[in-house]
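Common to both upcoming complexes is subunit A, partnered first by subunit B, then by subunit C.
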Partner chain A sequence: MTDINKHRDKFPQKNPDGTNIIDLKSGKFIKVWQGPNHPGITGNMSLELTIQGDEIMECKTHVGYLHRGFEKLMERRRFIQCLPICVRIAVPEPDFNEYCLTSTVEELAGLKIPDAAKWMRTLLLEMSRLQSFLMWIGGQAGAFGLGIIGQWSNYVRDLVLDRFEEITGGRIYHMHMIPGGVRGLTPDGFEKRMEETLQEIEKVMKDIETTMFNNSIFKKRSIGLGYIDPSMVFEYGVTGPNARAAGIPKDVRKDYPYLKYNELDFDVITGKNSDAFTRADIRRKEIHLSIDLIRQMMVKMPKSGDYMAKVPNVLHWKIPKGETYVRAECTRGEFGYHTVTDGSGYPRRINVRGPSYTHAVALMEKLAIDVNIADTAGLMVSLHTYPPEIER
Partner chain B sequence: MKNLIERLKKQFKISEVVFQRDNEIFLTVEKMDAVSMITQLRDLEGFTHLVLLTAVDWLEEGYFQLTYLLNNYEKKTDLGVRVKIDRDKAEMTSIHHLWKTAATYQRELKEMFGIDFPGSPRVDESFILEGWDNIPPYRRDFDTKKYSEETYFPRPGRKTHDPAEYMKKKLYPED
Partner chain C sequence: MSFKDVLKPFTAWKNLAIEPVSIKKPLERQAAPRYRGFHKNNLEKCIGCGTCEEICQNAAIDMVPLDGIETKEGDSGLRPMIDYGRCCWCALCVDVCTTNSLTMSNHFTWVDTNADNFRFIPGAENKPWDNEELGYKKPENYELNNPYRVEMVEIEPEQRDKSFLEIVKGFSKEQAIKEADRCIECGLCIATCPAHMGIPAYIAAVRNDDMEEGLRVLYETNPLPEICGRVCTHKCESVCAMQHKGDALSIRWLKRYIADQVPAEKYKEILETENIKKNDKKIAIIGAGPAGLSAAYYLALLGYNVKIFEALSGPGGMTRYGIPEYRLPYDQIDKDVDYIKSLGVEFQFNTRIGKDITLDKLHEDFDAVFAGTGLHLGRSTRIDGSNHEKCYQAVDLLRDVADGKSINVEKKIVVIGGGNVAMDIARTLARLQNQKYGKVQLIITSLESEDIMPADLEEIVESREEKIIIEPAWGPKKIKIEDGKIKGLHVIKCLSVFDEEGRFNPKFDENKKEFFEADMVVEAIGQGMDLSYFSEEMQSRLEMTDRHKVKVDNNCQSSIPWLFVGGDIVAGPDVISAIADGHRAARGIDNFLSQK
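What follows is the complex of A and B.
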């Protein structure tokens, strides 16, 4: 990265809050529109950049290219009918939507789910994290010019999707968790095939580690990029690997153990330097952690048993008036559903708290200042954002 | 958590306290007290993380319910602060000075529910819906079906058949 501070006098002066003083009439600035097909994200989102030379002086996030009004649509659906809608809120990682929605509904209805269903949900969530990280690592490498990594990681991600298909019948959208439990347990011989998949992932990860994390181009471009100060973590609502890279061990799986995470053995991974490289390194370690957790689950999980609680007729199911919030740790951070019911058969309001909402708007606008325009995509991917959860 | 509620009750007008879980409480506070209570919770009680800010439209009762969900990271507790504001004069004091992310939430609420937060950065700019000219769409009285029927060109759908009649005609045309 160029050290912009050496030539500070040629660039605009700073406001006390760190933003640049910009006079568009001076003729020194150009407005550039990056997006909506932005290389830095899975989905559509635009950045309105004010640049001088090739440094970004100001950044504004524009969303709205994917708005389908899911939250409004769900108000007109029965609880069971919300499931096919809610999974579309975070496309590469839909299981967290299922989990958060079903568990808010179960909590408000006072349902207790069987143990086998809890194990099954934990497995699905962890597999979902694994495949989302694998997809991310390809994006991060691609944004810094290492296109081949994406091909490798997508190959192993596809193997995880095969395992999803075995359990649920679907590759991307599973809708396997329904209010009351899950739709089924693992098929025969699943552990063996899962183990083969995990070994294949480990093999490919070894290659990725050699080519990506030892690559001088990747290191040069990512070290020092997008520094998040630990004091910004709470001010900007930063969660997940972005917060852990700043040294704050925020992990919902450890802080608020849900499902069966309290029976699994793992440590929260934290970093020190809080730049794009540290965040990438944390996510690399998270992939290994997910593999480890899945192996632990394969041993501890019950292979048979009751997996569905007794639920009334879901088409006439009325849930008492109430309000609750349930959170889970997805790959990007804290994912949560705030559900309000009014005693009818329909939700009064469902609000989705996606981690991208804070990361891609307020935080991105702050971090993009003084970054080289060629590094925006890399910075964007290093925050790991999915636009659909911003504009539910 | 109970001590905290007792302490807050001495200072602010609090009602409808619901212990949803051991570490999750929802309570309602008067509109006048809300921002000073949230500031106190952030600065003195350790609720440093704004999880979300959202609104619920209670159309029949004529008010909007704002929920500020605050999280205490040290004690691992959540506090949902509910504020009821008049539906006809939907306006609330901004909290963008407390959390940077609050401005985004407030911008969305302005657009989707028509709740104004004077002074919040870029609150009047459109967030998701560019060029929207109807009532704010997340209000309960906005009818999505009616809107789409009026706005979009109606395409004729596929011809539908009554299955029983259709099969009868296909299989026994002479009857």
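What follows is the complex of A and C.
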């Protein structure tokens, strides 16, 4: 039997700066195109890989398959009309777009929203995080060959979507937040059904923990994969669980508390090893944290009261000239809207800061080096990216 | 990693014994009560304002005509059609619907073989979800517009009840912009306004703080914005879509706001009327009321030489001689009239046609004649005692007050009538009583009960604030006269004013009587026209309508070709119809003379 590791230490040959020497004419390298229907991402994105054997020597990321021009489109829409557009910027987690847009309008227009609306928004954002993590965990497991986890997690995610449906009338695009407040409070008996859902999630999470996190295959493939050095966190603008796995306690909910997060009791979860496994473990703990936060909110939230401030006619609403950056902690990290207004009824420019942009485009090119080609999908999922927010 | 990690994943097999969680019949799944499913529209409630179409950022909604739904006042006759290939179910259309007629069901499945069918066509076919109770509806206490109007500031009753100071103070800039912001630009008002004024356009000008543009829009269809901005009957407000949410827009006050903001000396520059090329045609206009002034303005713009003959001593017609100064100050009438005068329109006052000059003479000297002589003859109740010298006609008294003549007001007065003229004369006399005696002793009695009194609600409220007593639902029976002096008015209870077919046919209860003490009685039960300036031969040629008004075509041309007629003797009575008539007549005269 041929010893495949016989010349392992000779290849790949390195430049003095540590980068791989790539000579395509030598015949020792192959260019492989992965994507745009890539198993490692919820959407379309491509990787242009230069491989030697089954290891990646160089990776170039290609985006543009999903571009729908949302940012430009919003410049031609009244602020209220941006709402149905903005939610499409992060399909699996649209509520953060709603939050950023509405609070931008409120901040620039100097509008105070009622307390009940703030609680409602916090609940929606946390529920959104919960369902997004549940969706992610299925993808992460699937990328390493554990197909069943995705089926379990999607079942409980559907239960969260049912709760969304009860509150907002929509399952995916909720559009429940409106400049000035929200469209309604929780319906009667919601707490009970929410608690049942949370218990079901906890039950399924127990199974997932047993079969995924105590699984030799998963451990073998994810431990040590895609190591993000803490120094890279600031260099690349890494946020969210990716940064927290490197031991850096970055969390917008704590650093810049918004809505009602400063009235909730929680600690920032950090890890040490900064590899795919640590990131997965942090997200697993985040699911439990979300469950805990929702339980806290169910107790503290007002069940009645004003949920909408008085707004002028939304068809003619002119927002004063100004500029603001609004951010929130989504499942992937810091999600923000940098908005400039010119005093008209239309936004002059909205720039969406999606964490996937840094994670999937720049960071991925760096992390993919020397990774086994079969692990690229797992690596990409471990960065947890959504292409629509790369291409707004 | 340990040996456990190899074995533990096998616990997944335990799920083999568990019932599957997937839904067996997904098509039968009941969605949540708030679910945003297929649309429903209550066609009776919907007024076709098109706000849903306006807010839809996907352009999924088109307003379409529908069989069985007619265009009428306050209803465009259009209904929303929704293209489900474009709809994103955001429900903003439901949120902004002015009548709350548009809602959503919680149905979400629709199986069809033809993709073109996936549209919500109102009333076209029945859908299973048409009567579905559940589904998204606009939540309570949630509005994407301000439903209530900005309150107009008025002078307090104590300050106004002795003087003829203008009561309504007018909007400040902030108030006007806030009020203009409420407009949803549906245009129902344009269709209802007799002059079809560009109301949403001038409201938009207020919103954008562009008074010059606002003035240009006003003068396109209405050359008397100061007058109309104060005393227009505002039919537009009665059809405003926003009244279904709360209050109609204060359209009249916004019009006044624009006119008040622009100084008279800038009019010519803004309206670009500095160099009008004159032609050699001459037009005579009888009556300097709103109809005559409007016709004169638009004829002057077309280059005609216009001369207005007025029987009274000042311009404005009923707006000056029928409306008290506290509602419409004379200097505001003058502002509008002076601008028309500055365009070269000549005025000849104190000249009564038929007496000072005959109509035939006018026909000889001028190429066309426009008559807008209004309703200046008061109607009498013809009850016993109504021919007494202390029993007056409201229009005569109002005319005397406007002319500055002194009126001998008595201590106790009864006004008969329930319309705005009754309120006008009562409030005028109350001021004079206050000035003379220091207190008000005045009763207004009308046939109509308070809910159907034709006077504006604000007039009734303000009259009461000025200590006038209103006694509705009484029919005048007899004026009591003793020793040649009026002692009061006998009245009997009026049970109903109109019969089942809606005709004027009052019914009384003779047993229920009342007596109102008075030294003076004023009748304000309506006015008639005075067509005595027409010769008998002409009167025989002049066709009349069934409602005893002069019959004219769409261009206000009467059955005598050179004679155009407009104003209260054709329609109304109201100021905006008269202005519209004047505009139409100007166009009609221009057509008539260019064809000659």
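The rule we apply is simple: the second predicted complex is superposed on the first by the 377 of 392 C-alpha atoms of A that agree within 3 Å, B and C clash if a C-alpha of one lies under 4 Å from a C-alpha of the other, contacts with A are read in each partner's own complex, and residues count from 1 in each chain.
Just so we're on the same page, contacts are C-beta pairs under 8 Å (C-beta built on N, C-alpha and C of every residue); 3 or more make two chains touch, one makes a residue touch a chain.
Source: prediction; values computed, not measured.
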item: Contacts of A:E202 with subunit B and subunit C, given as first, second, both or neither; value: neither
item: First (subunit B), second (subunit C), both or neither touched by A:G169; value: second
item: First, second, both or neither for A:D229, with subunit B first and subunit C second; value: neither
item: Partner chain in contact with A:P312 - subunit B first, subunit C second, else both or neither; value: second
item: First, second, both or neither for A:T211, with subunit B first and subunit C second; value: second
item: First, second, both or neither for A:K366, with subunit B first and subunit C second; value: first
item: Subunit B versus subunit C as contact partner of A:V340, first or second or both or neither; value: first
item: Interface residues of subunit A shared between complexes with subunit B and subunit C; value: none
item: For the subunit C and subunit A complex, residues of the former touching the latter; value: 1, 4-6, 8-9, 11-12, 15, 21-22, 31-36, 51, 54-55, 57-58, 88-92, 95-96, 104, 136, 139, 141-146, 178, 181-185, 207
item: Touch list for subunit B against partner subunit A, complex; value: 18, 20-21, 23-24, 26, 48-52, 54-58, 65, 67, 69, 73, 76, 78, 80, 82, 99-101, 103-104, 126-130, 137-138, 140, 144
item: Footprint of subunit B on subunit A - complex, ascending; value: 63-64, 67, 69, 71-73, 75-76, 107, 234-237, 250, 255-256, 322-325, 327, 334, 336, 338, 340, 348-349, 351, 353, 357-358, 361-363, 366, 391
item: Residues on subunit A engaged by subunit C in the complex (per definition of touch); value: 77-78, 80-85, 146, 148, 155, 162, 165-170, 173, 175, 178, 181, 183-184, 187, 207, 210-212, 214-217, 219-220, 306-308, 310-316
